[in-house]
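Naming follows writing order (A, B, C, D and E), and every chain is counted from residue 1.
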Amino acid sequence: MDWIAMGTGFTLILMGLYGALTNRNILRIIVSFTVADTGVNLVLVAVGYMHGRTAPILDEAVSAAQAVTRIIDPVPQALVLTAIVIGLGVTALMLTYAYKLYEVKGILDISKCKDLKW
Amino acid sequence: MIRRFAVFLLLLALGSIFVNLLMGYVPDSELNLTARYYAEHTAQDIGAANIVTAIVITYRGLDTLGEVTVLFLTATIIGMVLSQGQKHRALQRQLPPSGELLTTGSRLLVPLILLLGAYVFLNGHLTPGGGFQGGAIIASAALLLLLTDPLRRFSHRLISVVESVSGLVFVASGVLGILYAGGFLDSRILSTGTFGALFSAGVIPVIYSFVGLKVGAEFTSMLTNLAETEQS
Amino acid sequence: MVSPIYIIAGGLGAAFLLGLLPAKWRTFAYGITLATLAFMSWVAGSWLYAFAVNGALPVEIFTAGTQPPFAINLRVGLAEAALALLMTLTGLHAALYMKDTLFKQGRQAMAILLIFIMALCGVVFTRDLFNLFVFMELVMISTGGLVLLSSDQRALGAGIKYLIVSQLISMLMLIGIVFAYHATGTLNIDGMAAAHINLFKGGSLAFFLIFMAVVAELKPFPANGWGLDIYESAHPAFSALFSVATGGATLYAVDKLLLIGGAQWLPMASAIGIVTFIAANLFALVQTNDRRLLGYSSVAQIGLIFTVMGQQDILGERYYFIAGGILLAHAVAKAGLFWLSGLVKQRQLTDWAALRSQPLLVFAFVTFIALLVGLPPFPGFYAKWDLAHLLAADGRLWLLGLILFGALLEAAYLFRWFGYIIKREGSEAGLALQPMKVDATLGAVVVAWLLAYLWGQLSGHGNLLHAIPLLFALLFLPLEWLPAKVKNIMAIAGLVGWFYLSYPSYDAFQLIFAAVMLPGGALILLASFQTQQRRVGFYPAAMLMFAGLSMLIVAKGSFDFFAAWETLTVGSYFLILRGKHSEPHALSYLVFSLGGAFLILAGFALAAQGVMDFQIAALAQVAKPFAPWVFALLAIGFMTKTASVGVHIWLPGAHAEAETDVSPMVSGILLKAGLFGLFVLLMTMGKQQLYGVELTHVMLWIGAISALVGNLLAIFQEDAKRLLAYSSVGQMGYALFGLALMNHLGWLMALMFVINHYIYKSMLFLSVGGVAKRTGTREMYRMGGLITLMPLSFIATLIGIIAVSGVPPLSGFGGRWIFYNAIMTADYRLPMVIIFLAGPIAFLYLFRLIHTVFLGQLKDEFRKIKEAPFWIILPQMIFVAALMVFALVPGVALRKVDVYLSQFFAGNGHLNWEGLTISSDFGYWNPVAIMVIIGVIFSTLFAWLLFVNRKAQPVKQFNIVFAAERPFRPETTHYAWNFFAPYRKALGFLTQPLVTRFWEAVTELLHSAAEVLRRIYTGNGQTYAIHLLAFVVVVYLLWMGGSDGI
Amino acid sequence: MKEELLKRMVKGPDGVEFEVEPLRDYYCEAGPTVQTPAYTAIIEKLFNWARSESIWILGFGTGCGAIEMRPLMTPRFDAYRYGIQWRPTPRQANLFVISGYLSTKTLKRVIRSYEQMQSPKYVVGLGSCTINGGMYWDSYNTIKRLDDYLPVDLYIAGCMPRPEALLAGFEDLKKLIRAGKAEGANQYAENFEWYKANQKSVIHDWDMPDYNW
Amino acid sequence: MKIPWALLTLFIVINYGLLMTALVQKIGARVGRRHGIPIWQNYIDLLKNYGLRTSITHGVMFYLGPVFRLSGGVGLLLFVPSIYGSEMFSNFSFAGDLILALYFVFFGTLGMALGAAESGHPYAAIGITRGLSQMTAAELPFALAVFAVALQYQTLSVTDIVAAQQGSILNWTLFTNPFAVAAAMLSFLGSMMRPPFDVVLAPQEVPIGPPTEYHSSFLALMQTNRVLFPVAKIVIYMNLFFGGAANWPVFFLKVFLIYMVSAFVGVVFPRFRVEQSIRWFLIWAVPLGIIAVVRV
C-alpha cells in the first residue's frame, strides 16, 4: 500500500525526466519537469505516511494526548509544502526564461541554444 | 535516437537506484524522535492545532522564510526580466471577447474565492491549509479576472508593497522573536492563547496571514507579468 | 557583538524593503544595498575577529526558541565567519563593481543580489539538512536571476541550462533528504552524523543522492558544462561571485555533508575532485576566451579543494589551514581576475595585452595568478607544502602526483596568458577603465597580500614575508617610479650589502655560491647602468631572483629551501620574459622549472614523512625504501634547473632571448642554483641505489650526454646567444658529471666550474650582448670583422673562449686538471668516453663564435659601428681581471672549500696547496709557473715577429688572395653560415631534436586530448543534464557497485 | 666598373646612412715601394743564396705551357731536388712562371697574383708567346710582350720549351738571383706608372685597385 | 738554471726536427721514385722566408696566430721531459704534467685558427672548420689511451710513467697495454696532417687552408713549429707508450720511428673527406680506446 504511492512517485519522476531529456521544446521540458516534481512530492509525502493513522491536526478526533499514537509523521508534510513552493518558483522562472529566449532569439528549441560551448 | 536510447539506459540505471530505495524502505511503525516531539509538545509549546503549521511557521520557520523568499525572488526576477525590453507596446491583435458566462461567473466567484482564501490562511494553525494555500486561492481569483479580461491590469505598485510589507513583517516578527522570545522566528512573542482558538498559537496566524497576502500578491504578480507578455 | 543571524535577517529584510521603494529611488536603493552588504560584512568580520583573535567559541543559533534537532539551528564558528566575510565582502565589491548594471536594472536586481548573498551565508551557517536545501535553492534561483544581469545575450541560454540542471539537482536532493530523514529520524546534520546514517538500510543510498546533488553544484567533471557557460556569459562581477561565493559555500556544504557520511565517503570526494581538477585544467589549456578559461580554472580549483576535503582524514588539524588557504587564494584571485576581465573590452586572451599600459593592473594580474598557482609567499604555497607532506607521509603518492600535475597544467596556461599580456600587441584602447572597477580589483590585490602575510603567520614554518631579501625585492615595487639608474644603485648596494652582512655566517662551501650569486650579481648589474628611463618590472623581478638565491644558500630547513627555490624561479621567469621574443621560451622555462620544483616538493615531502620542519641535513637519515626515490625526485628537480639533457629544451631560448644584462644573470648565476641543489643533495644523501642501479652512475651518464649534446648543438647554432646557451647546457653537464663522480676532486671541479662558468659565461654573454646591441642582430653570419671596431668586446671574448676551452694557462685549465685527477679515482669509466668526445667539440663552437663575429669580413652596414656601451664593457673588463686572478691563484677561492669537502670523503684525495703549487695524488700543477713560462715564450715570439715585420704593410679586408680573382662582396666572402657542414654530415644525426620532439609530442597530446575531450560540452542544455545524470549513475555504479551500500 | 665596386649608401643598424666606397674601404690604397737590400752585403748574399736555393713557384698555369711544368714534379725530372717547389698561394710563392701565351683576360689575374706575391719575386716567361706573341702575334686576345706588363727576369724560349729547358732556365735564374740581378719587384715599383698604363691599355674593364696587396 | 738547458733542448729538437722532416720527405719521395729534396732544404726555406723583403698584415690577430702556434709547440716541448733520468733535459717538467701537455696541444691550434681567421679569407676558415672537426674525433682515442695509461700507472706525471716502463722492453706500455697504444697510434695518424687525414690543407681546393694568407716571417715561424711540434708531440707518445728515452740517440731513433708510422701510412693511402675521417676514428679507433680504458 505504501509503496504504491512511492512507486508511482518514482515512476512519475522517471517519466518526467524522460520527457525532459528527450523533448527539445523548452516548454515541453518545463512541463516534463513539473511532472517529475510532482513525482518527487509524492515520494516525499509517501515517506511520512504510516498505515492506519490520521493527519497531524489536533482536534476533537485526535487529542493532544493521543497524538503520538494517532497521527502520521508531520515533518514530510511540512517539507513537501516547501518543496512544492520552491518547485513552483523554479517553474515560473523557467517559463520566464523560455519567454525571454523566445523574445530575444525566436527559438524554443533547447538544442539550438548552443552558442556557448567547449 | 541514440540520445533517446542513452537517456533510456540512464533512467533505467536511475530507476534501479530508486528501486533500491524502494526495496530498502520500511515504513515506521512508531513516530520517530522528531515527530514524536512534535506530536507531544506542539500543543502546549506553540498552541497550534495543526502540527504541520506549527512546524512550518515555527519549528522550521527558517525554511518557510526561505520559501517565501523563493517566491519573492521569483516574482522579482520575473518582474525584472519582463520589465526590460519592450514596454507598453500597443496591442497588435484584437482579442476575442470572453464569454458572458465567464464574465458574470467571475463577478460572482471572485469575492467568494477571496473570502475562502482569507479563511484558509487565517485558520492555518487550526485546520488544514495555511498561508500558502490561502495565497494560492487568492491568486486564483486574480487568474480568473485575467481570464475574463486579459487586458486587466493590477497595480504593480500595490502588489509590490504588499509583497514587501508582508516579507518585512515576517522578518521583523522573526527578529522580535530574538528580542522577546526564544530566538529568531520564535512565534511565541504573543501569547499562545487558548488552544484551538483563532487568536492563539502566538504570532502564527499573523504570520500566516501575511504569508497568505504575500503569496497571493506574488502569484498575482507573476501571473500579471506573464499575462502582460501577451501584449506583444 | 551582533548575532550572526542578523546577516541573514538583515539581508532578507533589506531585500524586502527594496520592494517597498518607488522604482525611481535608485540611488537610495543602491545605498541601502551597499549599506546592508557592509553591515553583513561587518557582522561577519567582527565575529571572525572574535573567533580568530579572541578565541571565542562557536555560536549556536537556535531558531524558534527550540533546541535542535526539533528546530532549525545555525552555527557560526571560525570557518563560517571567514566564509561569510569572504562572501559578503565579495558581494559588496560586486555591488560596487556592478553599479552601472544595478542602476539600470533597478531595485529588483539589488534585491536579488542581497538575497543571493544572504542565501549563501545561510548555506554556510545552517545545520539543518532541509534548510540547507532551501538555501541552496535560493542560491540557484537568485543565480538564475543574476545571470540575466549580463549584457551578453548568450547568458539567457546559459541560464536555462543552469535551471534545467538545477531541477535535476533539487530532485535528487529532495529524495535523498526525505529518505535520510526516514532513516535517521532527524534532519539535523549533527544529529544525522551521530546517527551513523550508513548503518541504516537505504541510508547510504539516500546520503549518496544528497551528496551527489551537492557535489553537482561544485561542477564536477564532466557534469559541469552549464557552469562554464555561466562563467563565460555572465557579468564578470557575478562570475566572480559565482566562482568565489557559490563555490566556497557549496564546498562548505559538502564539508558538512561529509560529517554525516563519515570517512568512507572521503575517497570518493578525492576521486571526483582530482578528476575534475585535472580535466578542467586540461581543457583550460586550449581555451582562448578569457572568461571561459577562468571558468575552467574555477572548476579546477574547486575540484582541488574538494580533493583536499577528501583527504581530511590525514590532514588533521592542518585541514582548515590547507583547504582554507587554497580556497581563499582561489577566491581572491578568481574574483580579482573576473573583475579584471571586466576592464578588458575584448574577450580573447590575447586582447589582455591592453592591460600592459597599466603596470598596476599587470601587477594585480601577477598577484592573482601567483595566488592561483600557489607561489610564495601566497597562502596556496603554504597549503601546497603542507598538503604534499601530509599526503606523502601517508603514502598517497599517486594523488600527490596528480595534484602536482594538474597544478602544472594550471601554471602553464596562466603564465601563457601572462605572456600574452606582456608580449602581444595591445593598446590602451582595449581597456574600459572605471575607477570603481579598478578599485575593486586593487582591493583584491591588497587582500591577497594580507592573506599572504596571514598565512605566513599561521604556517608554522616562518613567515616568508619576514625574510629580508624578499622584502627588499618587494621594496622595488613601490619604487618603480624612480629612474633605472637610481634603482640600479640600490640593487647593487643591496646585493653587496647583504653579502657583507651575511659573510660571517657562510661556510666555505656556501661562500663560493654566495660570492657568485651576490657580488657576482652586482657585477653583472653594472651592465644595467646603460639602460635608460625607468625600466619598469626589471628590478622587482631581478631582485626577486636574487632574494631567492640568497635565501637558498642559507636555507637550513626543506621549507626555506623550497620557498627560496620557487622565489628564484618566479623572479627569473619575469626576468626572462622581458626579452623581445622570449614569450614561448619564458613559458617553457617556467613550466619546466615549476615541474622541477614540484618534483623537489614531492621529494622533500617523501623524505620528511610528515615532519613539517624537516631539516635538509636530515636527508641523510631518510630510511631505505624512500631514500632512492627521494634522491631521484630531488635530483631530477635540480637537474631541470641545470638543464641536463632531457629537460634542457627551455634553456637555449630562455637564455638567448633574454635582455643583454639578463642573459648573464640567468646563465652565469641562475644555473648555479641547480648545482647548489645537487651539491646539497649529494652531500646529504650520497650514493643511492634503485633497483640495483647506482643513481650517481645514471647522473654520470646524464652529465656526460648533456655535455656532448650541449656542445654538439652549440656548434650548429647561427644565433650567437643560442650558441652560448647551448654551451651552458654542455658546461653544466660537465659540472654534473664532476658531482656524480662522488669523489673529492670531482666535487672540487664542480665548484671550480661554478666560479669559472660564472665568470666566462657572464663575460661572453655580455660581450655578445653588446655586439648584438650595436649590430641589431644575433645572427653570427651577419656580423664579422668587428675586431677593430669593438676591440674590447673582442678581448673579452678571446679571453673567454680560451678559458672555456680549458687551454692553459687560463682558469679553464684548472677545471680540466682537477677533472682528470678526479676521474682517476672514479669507479665507473664508460661515460668518460662521451665526456672526452665532448671536450674538443667545445673548440668548434668557441672558434665559430669568435671567428664569425669578430674576425672575417666586415659588412657594409657595420662599418660605422661603435664599441659596446661603457657600462657593458666595464663588467667584462672586470671579469677579464677576475679570470686572470683566478687562473693564477685558484687557491684564493678553492683552498678553504677543499678542506671543507674533506669531511665528506675521509682522508681521500684532497689537494695539497703548497705555495703556488697544487698537487694531488697523481700529479701537480703550478698555475703561476705555467703562466710565466707561457707568457715568456709568447711575448718573446711576439716581440720577435713584430720586430721582423716592423715594416709590414697593413692591408684591408679584401686584400686577400682569392684564386687570382677579387672577392665579390663581404657578405659572400665571410664564411660563416652552416659553419661546420662536414661535422653535420658526420655527427649531425646526434643532434636530432629527439627531446624537443618528445616534449612537443607531450604538449601536442595534451592539447589534442583537451581539444577532443572538451567537445563533450556540446552547448546543449539537455546534454548537460544527461551528463549530470550519467555522472550520478557512473559514480553510483563505480562506488557503490550498484548496491544500496549496506 | 662592376656594380659591386660602385659607391653606395648604406644604412647602419642605428639608422644612420653613410657612404661606402668599396675601392677605398675594402682595399689598401698604398702603392708598391722599392725595397732596397736591408742588410750588410754578406747577409744579403746569404739571403740571395737562400732565395736561389728555395724557389717556390706559384701554382698558376696561365697558358698552354703549363703542361710542361707538370713533368718537373715527376720522378723523371724531379725539380724538388733543386730546391724548387710549388705553392698554391701567391703569398708564399717567389716565382711566377708565365706559361705560354697570356690572354688579356688572364693578364688581369696574373697582375693581381703577381702583386700579391712578396718581394723579392721573380717572373719567368715561358715560351715564345711571352716574348713576342709567338704564333698568336696577331691575336686580338693575347698580349704580345710580357715585359711591357710585368718585369720579366728570364725568358725560356721555345714553343714549347721542354722540361729540361725549364730546369736549365731555373738554374740560370738562380745565378741571376745569386748575383743580385733579379730585382724585378723593385723595377716594377720604380716604373709602376708605366706598367700600370700598359696594363690598363689592354685591360679595358679594369675593376680593381691600382695595386693589389 | 733550467733555462739554458731548456734552450739547448729547444735548439737540439728544432735542428733534429728540420733534418728529420726533410729526411722523411725524402723517404716519401723515394717511395715515388724521386730523388727528393736536399736534406738541408728546410733550413734554406726557413732562411729564405725570413729573408723576404716585404710582408703584409691583416691585423693584430694575424701576428698572434703564428705566435700562438709556435708558443704551443715550444711550450709543449718544454713542459714534457725529453730525456728520462736527465736532470738537464727534463725541461720545465716541474710542471711536466700529462694533463697540461694534453691541453696545451690545443693552444697552438686555437691560436692558429684565430690568426688565420683574422686574415678574412674564407678558405682559411674552411680549412679551420675541417681541421677542428677532424681533431675532435681524432683526439678522442688518444684521450682514452692517455686515460687508460694514467689509470694503469696511477699517476698523471709523465716522468713517473716513463719510470714505470724501465727495465725491459716488455715493460713498455706497447706491450703492457697494447689496446691503448693501438688507439693512440691511430689517433696519432689523424693529428699529423698527413694522408689520409690531410684534407685540411687541400692545396688547390682551398689553397692550403688556414695558412693561405701567411708568408715571410709569419710563415717561417709556422714552419719552425711544423718541425718542432711533431717532435714535441711524439715525445709524449714516446714517454707514454714506448718507454721514453734515456739519452739523445735513443730519443732521435724513437722519435724517428714513431714519425715514420704516419709517413708510412701517408704514402699509401688516399685522402679522406672530413666526415669520413670522423667516422673512421669513431668506428676503428674509439672502440680500441674504450677497450683499453675498461680493461685497465
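As a working rule, a residue touches a chain if its C-beta (ideal position, glycine included) is under 8 Å from a C-beta of that chain, and two chains touch if they have at least 3 such contacts.
Values in this document were obtained by computation on a predicted structure and should not be read as measured data.
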| item | value |
| --- | --- |
| Intersection of the contact lists for subunit C and subunit D | E |
| Fewest touching-chain hops separating subunit B from subunit E | 2 |
| By mean Cα position, the chain sitting nearest the middle | C |
| Chain pair with the higher count of C-beta pairs in contact (A-B, C-E) | C-E |
| Cα-centroid distance, subunit A relative to subunit E, in whole angstrom | 99 |
| Rounded Å distance between subunit A and subunit D, as computed from the means of their C-alpha atoms | 112 |
| Chain centre separation (subunit A, subunit C; CA means) in Å | 50 |
| Interchain centroid distance [CA atoms averaged], subunit B/subunit C, Å | 54 |
| Junction residues of subunit C - those touching two or more other chains | 130, 134, 137, 141, 144-145, 148, 175, 179, 182, 187, 953-955, 957-959, 961, 1022, 1026, 1029 |
| Touching two or more other chains - residues of subunit E | 54-56, 207, 212-213, 216 |
| For subunit B, residues contacting two or more additional chains | 3, 7, 10-11, 14, 18, 21, 25, 28, 32, 34-35, 38, 60, 63, 66-67, 70, 73-74, 77, 81 |
| Chain pairs that touch, as defined at the top of this document | A-B, A-C, B-C, C-D, C-E, D-E |
| Complex contact set, residues of subunit B against subunit C | 3, 6-7, 10-11, 13-14, 16-18, 20-21, 23-26, 28, 32-35, 37-38, 41, 45, 58-63, 65-67, 69-70, 72-74, 76-77, 79-81, 83-84, 157, 160-161, 163-165, 167-168, 171-172, 174-175, 177-178, 181-188 |
| Subunit E - residues contacting subunit C, complex | 50, 54-61, 63-64, 66-68, 70-71, 74-75, 78-79, 92, 94-95, 97-100, 103-104, 106-107, 109-110, 113-114, 117-122, 125-126, 128-130, 132-133, 135-137, 139-140, 143-144, 147, 150-151, 154-157, 207, 212-213, 216-218, 221, 273-275, 278-279, 286, 289-290, 293-294 |
| Subunit C residues touching subunit A - in the complex, by the definition given at the top | 130, 134, 137, 140-141, 144-145, 148, 153-154, 156-161, 163-164, 166-168, 170-171, 174-175, 177-179, 181-182, 187, 225, 228-229, 232-233, 1014-1015, 1017-1022, 1025-1026, 1029 |
| Subunit D-facing residues of subunit C, complex | 774-777, 860-865, 953-959, 961, 964-970 |
| Touch list for subunit D against partner subunit C, complex | 4, 8, 10-14, 16, 18, 20, 22, 25-28, 30, 60, 89-91, 109-110, 112-113, 116, 207-208, 212-213 |
